[in-house]
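After this come two complexes, each holding subunit A, first together with subunit B and then together with subunit C.
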Partner chain A sequence: MTQAAYLRMEGLSKAYPGVVALRGARLEARRGEAVALMGANGAGKSTLMNVLGGVTLPDEGSVTIDGAAVHLRSPREALAHGIAFVHQELAMLPSMTVAENVFADGFPTRFGVVDSARMHREATTLLARLGCNLPTGRLVETLGPGDRQMVEIARALRRAPRIMIFDEPTSSLTSREKARLFDIVQGLKRDNVAIIYITHFVDEIFEICERVTVMRNGATVADRAIAQTSPADVVHLMLGEADSAERLADASTGPGPVVLDVANLSGGLLRDINLTVSAGEVVGLWGLLGSGRTELVRALIGLDPIESGTLRWRADSELQPITPANLHRIAGVVTEDRRGEGLLLPLTTRANLSLTSLRSLLYAFGVIDRGKEERLATDMIGQMHIKVSGSGQTVGTLSGGNQQKVVVGRWLATNPRLFLLDEPTRGLDVGAKTEILKLTAALAHAGAAVLVISSEPEELLRICDRYLVMSRGRITAQLPGTANRTDLLAAVAAAPTPSRAA
Partner chain B sequence: MAVSVEHPAGRRPGLLGAIDAKQAVTAVLFAAILILLALFAPSFFRRNNLINVLVQTSSLGLMAIGMAPVMIAGGIDLSIPANMALGAVFGALFIEAGGNPVVGSLIMVAAATLVGLLNGVAVAVLGMIPFVVTLATMTVTTGAAVWMTHSVSVAGFPDSFFDVLLARVAGVPVAVYVLLAALAAVGLAMSATPFGRYLYAIGINARAARVARVPVRAATCASYAVAGLLAGLTAVLLSARLGSASANMGNDGVVLDVVSACVVGGISIYGGAGRVTGAVLGALLITVLSNSLNLLGISYYLNLMIKGVVIIGFVALDGLKRRTA
Partner chain C sequence: MSVAGRIGGLLLQHGFVAVLVVVFIVFAVFTDTFFTFGNIVDMLHAMSPLMVISAGLALVVMAGKLDISVGSVAYVAASCGTLLMLRLGWPPVPALLAALSVGAALGAINGLIVVVLRVNPLITTLGTMIAYRGVGLQLTNAEVARLPEGVRVLGNWSVGPVFGDTLIALAIVIAVHLLHRRTVFGRQLTAIGNGEDVARRIGMPVDWLVFAAFVFSGVLAAVGGVLDTLQIGAISAYLGKGLEFNAVAVIVVGGISLFGGRGAILSGVVLGALVFEMIRNGLNHVGANPYAYRLVSGAVIFAAMYADALKSGVRGAAARLLTRRDA
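Take a look at the complex of A and B:
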């Protein structure tokens, strides 16, 4: 505690209908220091940063800068208080030049015409400050992610910010670019800028941050000096204490034969993935956000392309090669984005449930037998205890838990031998979570192979027979079903984090 | 653990309101036209004019039936009328050269279906933007039709061609029966077959449809082929009615009429909503509107302006509905 905080956010709360995003969150940042803002998915980091950016108005709480209370009602006001963002998915204008991108939010003009000479001169100066000598006339679309980020940082620097927020700046950088970025962050600290650094990579914060603030469920749970903590501590703080989570199913002792065998799969973020899943087994895919969990599931069923690797599937009692597209035809898939990639919200519960089974519901002339369709829907609604007024209720009006049951039920109706579940309990309340977890265990009990992703270790601990630990696109460890919470957290904290090659 | 209360994350009552508003607007518009006609142009209600309106509706209606699946799947096919004209010209040239009129008619349908299929491949397989692809197809097909005919109408259909296609059964022209048959077939396909369900699913959320194993490419491609098929059917009937085929049959004004018929008939320009029946009723409304403005002695150009305003109004309602959804 060497100096008073320059930025102080205190007691911030924000509720949306049905969701509390922030509950008394706080954050402090000091000039010349970097504070890491950490938290699992949905912990409230984004909302907190939106408050700072003037995008979201909090219900309660205060923001003070340099001892004076400020009201940030618009991004413009945030800018006026010296707050600048370096966004993760760079909001760039690809077909425009470097200089134009640096000045996109306010071109220097002379007599109402853009003063091109001055723009290029100033852009060159800003970039030089970053140790970067990009030609300012180059089109941004010809730049790699690292150089684009330099442009983005130059844009932020232009207003001489006193507070800079980096939102997952390294997620698409090579190790050399990352080193350059860290140099820049150190330089900004020397220039007395207060830095807020958001990342999912625990190791990074120990390299360049002085403090770490951890959020969980909308609240700030810790604010510590980096020197007084460890990666394991931080992961532990992010994920919280275990709820009293008893297992919903005994860890299966002898799973059935291997049904899916993945060898040397690479593509996108994924590097050299090897795994097997057996019938009657729930395999937990465990890793922090950005570790490649979702990408792996998507690649398996051909939603994202793969570069190399082979998939084999058990058919006729032996493992035979299969393409991702064909695996998609036999696997049940629940994606993490239920509303964006799961349901057809304006349609009825019935139509959503029957979508995957239409071809088995036909009678003459390829016409769907409405009676059969209705029976399928009623069966699933009964079997899964979906709370609806009737099979004709619009699915968009169901609660989150019931919507998720519709997505699972749709696949259940096709009787698949493999389920891929990506964050199946996301956004559900406690009761609905338990129901979905029970259902997952029941699927395996009925003989299906299940690969499940969750950001909450407690959930995996309740149902998994085995764990695969992922980090930066690789499977870095495998843990048995007897592993406990400490083992899972240790596996993530200890995961080697090889920097990706360019 | 977050103790968030599950809430019905759904649509607000505004949606229903917007649907009602749209239907109400349609009904009021229709009623207003009929009242105006009764007052100022009672000749509209003469049997011959009514039948004439139905026959005109059949051409526009068939094309609107073809457009419906495409729009429901979130696409658009601006080439339908131009494609229709090209098909008509192909078949007419064949018949003029002494070919069998039945084969000639099949050529019309096949040629237009093929062009539709090419649109489908461009959109579904090559991932091109429907608006641009079909606009280009429209230009290419129009150009081809003009080039092949040297801008001259191709006539020379044998009497048998007219005897069959212009016949009346129980006082109603064959074209109207064809319209009703096409409505029944495509309407059933859209409401009761996997193909139709897939198109709605794609129009509502193509990503979700893909995850749910919907054959997105094949279904999208087929929707454009259906549009081509209906354009071909229109080509046959319209050639018979006009007594000739020409590149001008599918002029630019017709495209607007087809899109308007769908939009006025409740098919969302954003995809995922609407019924084929609506498209045909929309075609009826557009035809009556044109016909009545004619009878009321309103100039063609004012007529165009009024139609344009009606369309903008309905697209605005569509957007309103979407925002409240």
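Take a look at the complex of A and C:
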């Protein structure tokens, strides 16, 4: 461990308009070792790796390789310095062949013409090194995610890289493919490659990494030898210390009838999900990123296909089967992606608030009654304390928190009995977060059933009446509303049983 | 898979071949003059300029872009060449080179607007389509200008029974096909059509490649304009008008995806152009109302577009949009 770092990234900062992605981040990697880069969603791992990959130019900071300062201004320059990147969203060209994909960053030529024979021959050799015998003439669009991953790794290996970045390589792999990937990583270590391994699965890093670097809010908070840490430590470092925050609502006194009942739901990553949500309660869906939380919400509203399982919904005092598409129509869905879910930024606050209830605002001949619309908007703005100069203010000029309130308010106008909130406070400042959490508690108080996802346990602790803990697509535990922070962290650290005793 | 499903799948993959065969059989059965050697030679002659222009456009489409200014580029380039001969007395060969240079320059303007100013290619070339035609009209005063006598005879030049321009057009289409299939440039354009972000991340010089594709498209549009002018023996204000849409139609019917990255240029352009030429020519032979051509062509384009969407695009594109959240 006394060996000097081969790659050293120091004091890196990067700000985008309105967001600081990196603040003085650092990372070291040594040859023949794998360093795990960990951090919660939005901690800045991707930005840091994009700097190393030449995709993002940092505002400040330095990168040195083998003692020499380097400037990485493009992916090409990164390649030239021996840096190879296995991307999370695989950088594949679907309508092209396996061989073409392996050689996409530099086709071999002979007399100005692509040398197909050589390309196929060398691609076959590279894939064989990975223990993979794909036909190199096959189109990549016909391959499964595991094989695509192999093609991507083969592309990275072709340049005999000295630094290799794996960005969440196992998120789409089966356990057999994962074992193969781990073998490859071990082989690369023997070949003296410096490896940076990004993942959300705490157990994996204890299996194949020598060191771990943890990031939080754009800064590096720890850099340790893996032998001197434990899964619980890592989770603690990722999520940070508790902000002292008191509960915003008393744990509900006996929830109402079950509104939504999910039985044996499977599909994609999800396996055997059973859960109920009752009127008047806030259920916290807790787990690390990649545990299947977002996928569960997406499956419930039909954005991802379901393989098996049933959904039942309380209609006329009875639970009746319902399709995800229909559930989507009646549930209020709020995600971290405020634009993606249809906030129309150039339009006024009024127009955005009334969008889901236009039918109830009609006047003769299908014309919208502007008076009614104005009343609805003013009502919502008052009820939710949206800070605007007036209902005519353009939504794009509101702060993030107020934009999120508009999204919630829009749903509120249709009076849904179920809310699905996926990281509703993401990217908001502390004050706005509290406002949104208060609003969430108020929704339940008014009788709605609420399922909420957050990456920050402190937030859940302030409002939830019950917790469901997810890991690897399953619900692994259920905790009562009296659970504290330690209980929540223990639940996720324990869930994916580490395969090596720490 | 059922037999019907299998046939359906085949038709979907090679929809244009099916269309072609159906059109051919219909006309061959209903007229005695359609399926004759002389008529087939005529069809190949008439579609030559369109094939060349479509081949250039195909390179741009391969990269997932669009160039609808090709008709106007053809007009301006051919006009420049003709006027240089008529007004300044240039010999034919330098005039031809000048015409091609004008095509390259106009293509370069398109490329610069798309790459540097980041304007959507459709909007860019819609603008230049209108603007270039304006330039051409000004140059020619919107008048008909007949080619010099010595040059005009080239329009009837033939090798054996086949017209010379057919051979030139085929040679060009084959060359562009090889450029696409066999060179790094071609593969990289296909890669951009597969995903511009991916191509960029892999480290391809995306901007240069797109720029070069527009220049190619401009040059080949100029060649198409010259061939068209030679066939007519003169330039008129209508030269190349609507040709851009014919070229897009050829490409779509030829199975080259407008989403980019998919399709074969040689078979796509030749067979695509043949479909439209056969419809036009065949309707003449059955003595149909000349306006029927447009209706039938429109129907064929819709059928081909639908097949294209089913084949490659719509579902895939929608899925990609939905999953592109954490970027």
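Heads up, the rule we're going with is that the second predicted complex is superposed on the first by the 493 of 502 C-alpha atoms of A that agree within 3 Å, B and C clash if a C-alpha of one lies under 4 Å from a C-alpha of the other, contacts with A are read in each partner's own complex, and residues count from 1 in each chain.
As a convention for this text, contacts are C-beta pairs under 8 Å (C-beta built on N, C-alpha and C of every residue); 3 or more make two chains touch, one makes a residue touch a chain.
None of these values were measured; they are calculated from a predicted model.
Annotation for the three-chain superposition on subunit A: subunit B and subunit C clash. With both complexes superposed, B is the one of subunit B and subunit C in contact with more subunit A residues. By the document's definition of touching, neither partner reaches A:Glu295: not subunit B, not subunit C. Using the contact criterion defined above for the overlaid structures, shared-chain residue A:Ser74 touches subunit C, although it does not reach subunit B. Using the contact criterion defined above for the overlaid structures, shared-chain residue A:Val55 touches subunit C, although it does not reach subunit B.
Of the two partner chains, subunit B is the only one touched by A:Ile368; subunit C is not. By the touch criterion defined above, A:Val333 reaches subunit B but does not reach subunit C.
Of the two partner chains placed around the shared chain by superposition, neither subunit B nor subunit C is touched by A:Glu281.
Within the superposed three-chain model, A:Gly112 lies in touch with subunit C and out of touch with subunit B [touch as defined at top].
Of the two partner chains, subunit B is the only one that A:Leu398 touches; subunit C does not reach it. Looking at the shared chain after the overlay, A:Val20 reaches subunit B, while subunit C stays out of its contact range.
Across the options 59-67, 275-283 or 293-301, subunit C meets subunit B in a clash only at 293-301, per the superposition defined above.
Shared contact residues on subunit A (touching subunit B in one structure, subunit C in the other): 303, 340.
For subunit A in complex with subunit B, the touching residues are 17-20, 217-218, 243, 303, 328-329, 333, 335, 339-347, 351, 355-356, 358-359, 362, 366-368, 370, 394, 396-401, 403, 410, 428-430, 432.
Subunit A meets subunit C in the complex at residues 41, 53, 55, 74-76, 79, 85, 87, 89, 91-96, 100, 104-105, 107, 109, 112-114, 155, 303, 337, 340.
Of all the residues in subunit B, the ones that touch subunit A in their complex are 1-11, 188, 192-195, 197-198, 200-201, 204-205, 207-214, 272-273, 325. Taken in their complex, subunit C has these residues touching subunit A: 182-184, 186-188, 190-191, 193-195, 198-204, 261-262, 312, 322, 325-327.
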